[in-house]
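If you scroll down you'll find the structure; I have some questions about it.
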């Protein structure tokens, strides 16, 4: 499935003005707007709460317990990118810590999304470099085997192509394919637009049953009320 | 086991003055006072730390990936209630977000306890609407299949009848059956009463070995000290 | 494997001036300095963020659902110790809460590391008594079966002898054998010494590829760049 | 939730002629016929393949690592019963082995369903005493704390009342409430009756799309075929 | 990531004479020959032991708890195909049983690989229709929401394009991309060719240390023997 | 904790006549006889059912995804040994297949116990070389980093010293320390001796309640019977 030992230097990134506007909409709204696909598994959690980012994916494929390619991917980062790291097998080792974070941040990366472990999490929070990972682990890694950079990868169950948009916040991580990004932005913006009005109604005590006209379809489906 | 497609409108709630006093005692003390039963599994975690609530259960049974009944249960909420949501199969989808939270809060609900996932967790924290869940997930749900409201449900391994008391804090979630609530309040209050004195002694360096007279039973059980 | 029903009173602790200096280096650096061994499994998490401790291990072996020996180990604590609790089977019950924490703290313990569950976590944070555990649970325990104190134990996959050094922070928990502690302190201090300079270079945009001279070995391993 | 320290001697069992006929229909058909509820979680697996049973539930509630009540429940078994064992916390210890199986079998029990571990599994297979469990473990248990017999229990996520019917096979374990048993038998028998004809059609190459008239609703839902 | 509501009818399948010869080499040898990539996660297990198949992938994307598209994919099966089913969220429901198996088998399918649950496993074994799945479950599913057929899917962590080759046996499931299939067959056949000779040497007591000339690199890496 | 890069050639094995007699008693009886300690976690499962072995441990410590040391340990095997392989981090890769099994068997090994994955499981069954492992996986490994041979290791939660006895069967894997082996054999033999008589009584319908004189202690503990 994967091509090993290659680094693609020229990738087509989603246009920045689209990529960066998806963050404000949040992973849940974007995921809904896309038809409920593209979500990474919910074991992917932020190492500190409150970060909300979107950016263009540069991808890296690692082997279990080996973070050699993290140094290779660093060179490919451009401002506005989010690094997406996949591993060829399940592994919770700490592939990434404060030194690599310093390097990634200096290159302009906005975040790391990794289907493995990270360490130095307290320093990452102080640096304000957000990471979404499957684990936190002190365990270091070796530098021995080649993976690849900027090939399509499967990260936490989601297929990510280089240049796709990654939207990540406290609710999770969504991948928006480059070709769908403009459409997803439109659809998500529209969803968002209606939410203020809905929220006001609900806060005033109006029921979703009435606001969404659910009473008839529920009755049709056979719902019975018993006193 | 479950009756599907029904909503029980009239349930017998534990008296409010009992239900609301259990919160201050905390899930651990209440659970201990009940004989160490009624606890939900420890995978149930608060989406933000520090909330401590107790209230009367209104229950809802959902199907995997389907939150239609969340709108139905909203109408049955009365001030002081805690909504308890069970799913007919394991599922981590995000059944609940800020809009439903606005509605539940407007109806007087104190919290949600759900054996599934939720989203918009940052907003939930800002709204101070506490949720205990098995997962956090951006994944939305459909509205297609009927479940039920206010039937007995199994949530995270605990049986909950409508009207029982739910006690939830950072340590976990306990269900106190309505018939046991007054007794549990008494027993937990008594446990609590002794704790201050015990804490003072332990802080002064007195050992539990002496305070609880454990040395003799330990010796009887065969404990040997080796220098 | 385990000797049951015994308490070793005289254990050889790692010298305090070594034990206490490992905290500042952190679990990741210490683990790396030791050759990437001695780490507890990453399911061990702090009950509150930000604590960073090191101390000498006093060990206790418990049976599932039984915390009797926690009172026995309390008497063996000396200032500067970290209590390490292993269980003979997987169990998430809450073996430890605010009363035991008060007692441990009064005896001079710096922290608890337990391959089980704990409760009263909000109070533990307020008391500033750090705990690393596999679970948080309201579930109480009984006092019925003898375990042992200060025998070698396996805790979360790591072998811990009484008197070893435990280093714990937000990244995880490492056990440094007594005989290796001085060497590990040296090696970790040296690693740390270089980090400031490296961090400055990386922050200035120097790549790890160049700083670590990786380009040649990568090319030798066959890495290809594709434009 | 649970009453501790009690043994209910007189329970109302589902009529034998109903209970025993559900086995032949299998857990999947019965579960479907009941509206897809009442299923134990899929971690419940048979210790050997090929057994298919149904019988009336006698229930027992155990504490973690303690099988004392297994001897108490043995006395309450009548021919045609299936013992359902729940534990008050997650525990994989081996609560049951060949001696207890000999006793249960002598009393007329058809099977054991236990939300914990069992041992002597090779002997159980030779004895043809089927067991569905969450784990297999050599670990023995103590006899120290009272649970209860023939109270309602939650086993692997399913609520089981004494006298309900348990249907178990290689696909899993379903609990049919006593009041629903006759209806479930009817509904499941009807489902089964149609299956032979359907199977013949499908074997002849007829598609479910046509047999179930799905083409129109699929088109209505928007399904597009692309050549 | 995924296109919903579409069925691609014309896919380019790997040539049959290549696809069918990979089975005999086995998933481990094929995976090794491909550079150790393309493997599904090891939670994918055969529902009965001993099957060893390879075939061309037809893919289907399902929603949690909904098997509607299984009937749609049936029509797209050609002799020699293996159906690969991905789900948009983790779900262990039983999406597939003996009726669908009858239909798939009648269409010429060799096997099903599904990142969800299946049922009627005893019948599947009798029919000799092999299935690799993440779970076995009696739980039925609904027919409500459109997925897609013959789009690229992520199944158990592996990216599968329609027409790729699936190799599955008791060791696991590997996906061989169509473009790599001929090469993988060559490489795997070569690996296999050497194995007989190696096996004979090892059986005669020759050590891998000598057969693979490992003693020198081990010494160079610093291995020390202590008597 | 671990010494890396060393091979201890001379280890003190438990006497063969003791080691080999423990197999017949089985892991459950031996574990019970030792006071319920020394058991590996129940995720360790045999790759085929029915094997029952005991032998002297030779140990090997591996790094994740690296099986280089498996070739080193092969040379240290003597007839009657069981190889025990620990990994420095959780990893399910397939470290061992039919070629290594051929080599181990030729050297006289009776079995492998590995806290990782294995492959070629069908061939292992045909060869009658039993393996207990945490996973089955086609994924191959590299040969890059030194571990150690015949140092004490923690395998699946149990501490194993070289020369200890490993007892493994369908119920699990127990480690008997060399110093305890003779005593464990005696104690287990005595337990076993009583079992025949007990089994006969239970088969005749005598209850454990009476055979073990449990009625009085149960009443004392407060057990109530309700008609």
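Here the chain labels run A, B, C, D, E and F in written order, and each chain numbers its own residues starting at 1.
The rule is short, and it goes like this: contacts are C-beta pairs under 8 Å (C-beta built on N, C-alpha and C of every residue); 3 or more make two chains touch, one makes a residue touch a chain.
All values reported here derive from a predicted model rather than from experimental measurement.
Chains that touch both subunit A and subunit B are the following: C, E. Comparing chain pairs B-D and D-F, the larger number of C-beta contacts belongs to D-F.
With each centre defined as the average position of its C-alpha atoms, the distance from subunit B to subunit E rounds to 42 Å. If you average the Cα atoms of subunit A and of subunit C, the two centres end up 31 Å apart. Among the residues of subunit A, those in touch with two or more other chains are 36, 39, 88-90, 92, 139, 145. By the document's touch criterion, interfaces exist between A-B, A-C, A-E, A-F, B-C, B-D, B-E, C-D, C-F, D-E, D-F, E-F. Taken together, the subunit C residues at the contact with subunit F in this complex read 1-2, 4, 34-39, 41, 88-90, 152, 154, 157-159, 175, 177. Residues of subunit F touching subunit D in their complex: 26-28, 30-32, 36, 39, 42, 45, 49-50, 52, 169-174, 195, 198-199, 202-205, 207-209, 212, 214, 218, 221-227. Considering their complex, residues 5-10, 68, 70-72, 74-75, 92, 94, 97-100, 102-103, 105-107, 117, 119-122, 135-140, 143, 145-146 of subunit B touch subunit A.
Across the interface of their complex, subunit D is touched by residues 63-66, 88-93, 139, 142, 144-145 of subunit C.
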